[in-house]
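Below is one structure, written out as structure tokens; comments come after it.
So that you can tell them apart, the chains are marked A, B and C in the order they are listed, and the count of residues begins at 1 in each.
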């Protein structure tokens, strides 16, 4: 049996420096004594600056008649400290069994979801290190009110996926449905005092693309139910729509992506039940985000650069009234540049520099805090007109070694 | 060194539906208004419907002179979410080093215990999925007062095992002793205020069988000490005795098992010390359990069916007086049928349907709650003559893919 | 890619007995009724009696031009129960990526630190089982006030290491710097109410040696910052200096080591800020430790013996006044003897017996408590002149099987 199993992984470790600056702002409404900028900084041994650290097993078996079976078990791995997986999730990156045939692939288990792929594939830094696109950082967790996304952003457990077969003239595509595995119970459904969440946790989405010669373009759409209350009829969902493309001109390869992500609470039963604080939903928020980037091959090396922007827009009226009218839209921008020096197909040295800038309470640092490290954050007051500190600029750089096996 | 190591595993994931019904019962003692049945149900991506998900390493070294050394490290793996092991136990299924020779095998570490094997080998569904025998479900945890078994039911850490060599004319056998690793301390032993448990955790058992041609038959006996108090002289033990057999008639293979498991508290020192609630032991209970089953090969496929029953009997008098006389014996029954379609030796599609029925406070669903999922339970009142809800029927089905590597 | 990956490990399990005796002491200051000795003992299935249980992956890639890349991922493994790693640290023994060349090796990640090596290499029992040197036991945790060492004693995460190349006429060496990864924050630095620890966690050290023919000798020096307070200017550091040597006379191989480890708190800002209990630093302590040992090959077997001693010396005056003048120096001694019977290069049977003796509040048992087991300790009162129990003798033995793959 062993002959068909591949043991694979990536160990990617670097030395990084991160710094953030928070600025005191008056906002024009109250006279305030100026206060000095506040800085935080950190030197760290960092992980996955060029490619996410991982270790896994995968294999495939030819079943004859064009059929095959496959499995893929892959863990995150933070090489600087030696941790694996995320808490109780060991094969957190992917854990699937597949049946493959002329019809395509049926895939069961924990997997990347369709809406994540455009964020990763059309980012020159492919979600890794200080250069990672702001779209990935925000949806991964570092944006107000969107941390709800965590449960589904990149991957979903308990999923059934279908992938189109190869050989469709360049067209490719996939769809995924993920069970919430909630136990539905007669006794609980109509009790307002109980936390009913029969719809929470579901994900459904799809992606469709075309790759031919230098061109690759894809669209994706998905919806995840992140909170609900059966009694009140409320459902909070995160809807993601994105489109990305790359074109390889040989001398330079261009990348672009546009992404729209909405968090929205619907009320099917609103007439019958007045809202109560017990529901504690989040305000509706819409984000409009985009990225442009390029890579330039230079001998065995590759230069990478990108600009990404995320912008949130709170509904001026929500049923909860939590967000005042005229709240300025939080916005963040990021400039990233990097160089990868390939010593072989599997091994590379790399350097990356990136700069983020935040407005109106957005507070995204150069890298998100990972499960194995704490990084510098901001002193930040979101959406308040009172004077106070707001997240300003952040920057960081990585120098590292990536080795794949 | 690597040449002798085998990396192996099973990824088995399916789509399952589970449902339970609890019924309101009057019990003839108090007039009560009838209440409607309560249902719970769940759709889930399930694991190990055909064979327990796992991943492991094993190997053997020939030492010459008929001697060999071997090791076996095997983890549980829940493919639907990617978790591995059970909490802090990583190689939770098996973790052993062995010395093998003409004398048999000496095996040290964490291993299946002898009394578990008959429950697994003589169950057509081999402990897996919705079809798993009720005996396994009950002893694994889903029966009142027997959840004490958890520490030893299927496996024991800190064990020394001995297995008979092959070539004894069909006879086979094994014995195991597992240390409790309790620190014995002069200062604690005679202090009634201290929790003294110098005997808790020990397991000793053995299994002896005969397999020849179509016949396989085996008996097993074991005892595990699950609680004790040195000062009061009390010891609570779980005693397991079972016998199983299978006979292969080619067209059909028949399976049968009978199992008796007792939880009993003995008092060596009862005259000197009156019992106190501080001891909090459990009532004595005896269970009588059996299974009959069959498998029928159909081309590349295999039909499986089984009926299993577990029945508990509380001692009408226990020293704690916790169980009223004439408490009706809790009882559960299960009917299971399944089909396995082998695409190869390693890969199969399968479907299983099973139905359980509970009486007198037994509350076993179609599958036990695993460490990675929560499933539907019952609304249940055990051993009470007052009106209330009692566990009734439960059913469930699995459709899945099993791939071994 | 797989061809270059080696899966390796050690499964080493044995049966062990441990016993400790604590003695009631009058100390000459107060009349006291004699009390009987207190004993604790334990039978256990033990791990790593001959070599630490582990499982890992490692590999190397030739990059041409004398360059190579390598990785090493290695977990602890407690075979008796099947646990792996240490809590959240999975590849806790080593997790590194390396760039190798004529210049030597640059190694990033979690690794053994330089000061640990002399303790391991020049101990005939190489830190394993009941025979393990007292120096390793004490620094690993079993000595008053030195448990601070835990964070760095054998290994350090977030480290950058450099190793000299081979081929320097027998000279070898390495240096390591480990980041503390503390976030430095303007806002926190000058706040006495905040726990400021901008220097805590750092490690810097090196080792230099000469190995040629029968001789191997090496010195090492390192410093780890284990606590600090920026506001008060205090820094607590552990400084380690050791030297070890072995000489192989063919009939017998001799081993020796001397080690000095100091825990010391410096106060840069002492004039400005009176000390407060809030700082809760530890008293300064200096330890002087040594080991002598030998191994004698006997056919396929190896006899091992060692004597090790650790002795702590509290500063008679510390700024905290916690330790009275004339506090007698805690001291422990250990005698160990063992035999290893090699069945092959990878597989061995072994037996070890060891005896420790403690004075003046030292309380080191024959083996330290591991993360997977609890062992017998002592009833002990350190540094008090009042009558009470003090740790006395402890002994233990192991019989086991070690199999490497």
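Quick note on the criterion: a residue touches a chain if its C-beta (ideal position, glycine included) is under 8 Å from a C-beta of that chain, and two chains touch if they have at least 3 such contacts.
Not measured: the values here are computed from a predicted model.
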Interface composition of copies subunit B and subunit C: same or different, split at half: different
C-alpha-based rotation, subunit A on subunit C, 0 to 180 degrees, nearest 5: 120
Rounded Å distance between subunit B and subunit C, as computed from the means of their C-alpha atoms: 41
Per-residue overlap in subunit A, given as positions that touch at least 2 other chains: 7, 85
Parts of subunit B lying in touch with subunit C, wherever the complex brings them together: 1-2, 4-5, 7, 57, 59, 61, 63-64, 67, 69-71, 73, 75, 85, 88-92, 94-99, 106, 108-110, 157-160, 179, 181-187
Subunit A partner contacts - residues on subunit B that touch it in the complex: 6-9, 11-15, 36, 38-45, 55, 77, 79-85, 343-344, 346-347, 349, 373-377, 379, 400-405
